[in-house]
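As written, the chain order gives the labels A, B, C and D, with residue 1 at the start of each chain.
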Amino acid sequence: MARITASVYTSHVPAIGAAMDHGKDHEPYWQKLFDGYEFSRQWLKDNTPDVIFLVYNDHANAFSLSMIPTFAIGTAPHYPIADEGWGPRPVPAVEGDSVFASHIAQSVIQDDFDLTIVNEMAVDHGLTVPLSLMCGKTDAWPCRVIPFAVNVVQYPVPSGRRCYELGKAIRRAVERYDEPLNVQIWGTGGMSHQLQGPRAGLINREWDNAFLDRLIADPAGQADMPHIEYVREAGSEGIELVMWLIARGAMADANGGPAPHVAHRFYHVPASNTAVGHLILENPS
Amino acid sequence: MARITASVYTSHVPAIGAAMDHGKDHEPYWQKLFDGYEFSRQWLKDNTPDVIFLVYNDHANAFSLSMIPTFAIGTAPHYPIADEGWGPRPVPAVEGDSVFASHIAQSVIQDDFDLTIVNEMAVDHGLTVPLSLMCGKTDAWPCRVIPFAVNVVQYPVPSGRRCYELGKAIRRAVERYDEPLNVQIWGTGGMSHQLQGPRAGLINREWDNAFLDRLIADPAGQADMPHIEYVREAGSEGIELVMWLIARGAMADANGGPAPHVAHRFYHVPASNTAVGHLILENPS
Amino acid sequence: MALDKPYKDIPGTVIFDAEQSRMGYWLNQFCMSLMKAENRARFLADERAYLDEWEMTEDQKQAVLDRDLNRCVQLGGNIYFLAKIGATEGKSFQQMAGSMTGMSEEDYRDMMVSGGRPIEGNRYTHEWEKK
Amino acid sequence: MALDKPYKDIPGTVIFDAEQSRMGYWLNQFCMSLMKAENRARFLADERAYLDEWEMTEDQKQAVLDRDLNRCVQLGGNIYFLAKIGATEGKSFQQMAGSMTGMSEEDYRDMMVSGGRPIEGNRYTHEWEKK
């Protein structure tokens, strides 16, 4: 059967992609950030999965206001790179896994999550920046990717609890799959940031670190935090952090198994307007 | 506050729309069918709501395979009529209710239903044929309509239980709305029919009538019937009947109130390939 | 353990699940294109040329050219999508459904008027294998 | 009882809910159109003419012409959509976000490098009213 071996959490600031694409990653401003991912790049080389189930949000690129899915799973064979307004990022297109993604969709829908199935979708920095951070510059991503987009743009977004329960359902789906796949689940977005209004630039280092602590040690408790606290304490765009709970809910301990091993933890301010948080959690094998 | 006063259930065969549009409704073949809606047309004149929350399914018109939402709520101000391949039906465009629909979307998403919000959508016979059956030929529909589309085309479709629970959440949403609106909820599609393969033409009169009986008297029990029974007993397209459970779940008795009054019941075979079932249930006021 | 597909045990019926949908993706998307009057006209003017614009298999194209809806369904077509081929020629859903049963149009219509195909003997595949 | 909107009590912040989305629908859809290079070029060539193709209010058009992003947000714009106006001119997210704070580009950048805007005093609207 397929297994979730690890989860990865990381912010996904567009400026990080731009820094890499324009060769600025060794400038002092960016070097401090990329240093925090040096371990991770080696770790991913040593622990390359067959498939990454990548939870992220679209930023008005694949989805406009004409149709806003709460949860959308990509079941396409591949995904082009979105032109977000600056031209498409010069990174490889993303190869999907239609068969496995459809299996997960079926299982999760039968577990009462009302997914939207998507077969034609360009992927934006929400998906490509985490890949770039973890893989560096590359001509081909190291494995297949199943994009899973969460609406965190128009309110109401799904609750932390709903996201956490969805993670559990994804784990059940993975374990019902006959092929012996090594699967990682990534939760992306956040941490504290606000991109709009006179309060733009908000950063809450203390809150972010408390979130990381609790995500590791008490994810079920974290799942019950209401949205308003994310928005007030971590900025209007800090709400992206609910997506991390999907990945966290898919780990063994959320499903009656042992606690994960913290392989890596990193926190840095700023990347452009944003606090960058990053975790790698491994399931005991 | 807004209130759900009644629910209406009806099949939605495209040929019914064609018969009306081409003035064939007084031919003997069709007259028997339309006779069963004579009561209903008068009833709707006497009980015109402010808004109809119309649960239906799209038949590869608004949604292709590029994006398949399990549940999609229309929050647009209006909806054009789809060209399903024969040209658009000559019926009025549908006026929506953006504010009320958005309110319902917010409430239902916060109740853990993962809706897709849709603002640009053509509506097909799944929505217009029930309106035509209930309103007759008209230059303007009698009230605003909130289209609610359910995926019953690509498996897996939502379970009967999920649909019934969704109905309850819609009722809660309606009752949380401050405006004193008179709201009806309609469940459409079905009854037994199969449009494909060597088994096409299947009709199961006994099963259909047992479904109607049970929908009235024991909807919670009906909600637990697995999909396979719909498909085996009522044909591959008979699965549309799960949508009736959404409307039924929004009635008072599903939410601790009194049982509904059966204002009208009708059953007829055939309309083209399909068994036509029709119910009007009123909530005691 | 893989997911259960109990609906494989219904005779004369293909349930449109993710597997069928994947197989029939471009066949169905081709059908969607017939929602536009201009595409209907182009298709009717030169079916082969129009079909060649789509990433369909040769089998799928041939099944469309043959108007073999059963074959189209086996190759991943869904009836709501396929109906747009019939609509392009002015065919009704009843004509299309009937064409898949091996019955004449008249016999199928008569069967429907007399109450439709009965459920007895049509629930499980083994009931058809006996025939 | 109407639904609760506790997020109205956060200073300097507009949460993009259904109400804002409805108000800003065409403003945001106009922004989406700037994802295509040809539309970006047309917009830059004649902003007013391009805006007049959209069902936007005069206030919304003026706010775009003025590059007044705070006003755009109040009129229903969402920052991810509005960012495409900045992208069209080669502006970064940091320049856009900074422009909404009343700070100079340099001051905003310096604030971010020094750890960002602190949370103290920035949680509730009443904290700003005192200022």
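Brief remarks follow.
FYI, contacts are C-beta pairs under 8 Å (C-beta built on N, C-alpha and C of every residue); 3 or more make two chains touch, one makes a residue touch a chain.
Just so you know, these numbers come straight off a predicted model, no measurement behind them.
Using the mean of the Cα atoms as each chain's centre, the chain most removed from chain D is C.
Chain pairs B-D and B-C differ in how many C-beta pairs are in contact, and the one with more is B-C.
With centres taken as mean Cα positions, chain D sits 40 Å from chain B. Each chain gets a centre from the mean of its Cα atoms; for chain B and chain C, those two points are 25 Å apart. Per-chain Cα centroids separate chain C from chain D by 49 Å. Remark: chain A and chain B have CA centroids separated by 37 Å (rounded to whole angstrom).
Looking at chain B, residues 65-66, 105-106, 110, 117, 119, 154-156 sit in touch with two or more other chains.
Among all residues of chain C, those that touch two or more other chains are 17-18, 21, 25.
Of all residues in chain B, only 1, 75, 98-99, 102-103, 105-107, 110, 117, 119, 176-178 touch chain D in the complex they form. For chain B in complex with chain C, the residues that touch the partner chain are 13-15, 18, 29, 59-61, 64-66, 82-87, 153-156, 192, 194-207, 227-228, 231-233, 236-237, 269-270, 272-273, 275.
Contacts from chain D toward chain A in the complex involve residues 6-7, 10-18, 21, 25, 28-29, 31-32, 34-37, 40, 69-70, 73, 78-81, 83-84, 86-88, 90, 92-94, 96-98, 100-102, 108, 111-113, 115-119, 122-124.
Considering their complex, residues 1-3, 17-19, 21-22, 25 of chain C touch chain A. Partner chain B is touched in their complex by these residues of chain A: 65-72, 105-106, 109-110, 112-120, 154-156, 158-159, 162.
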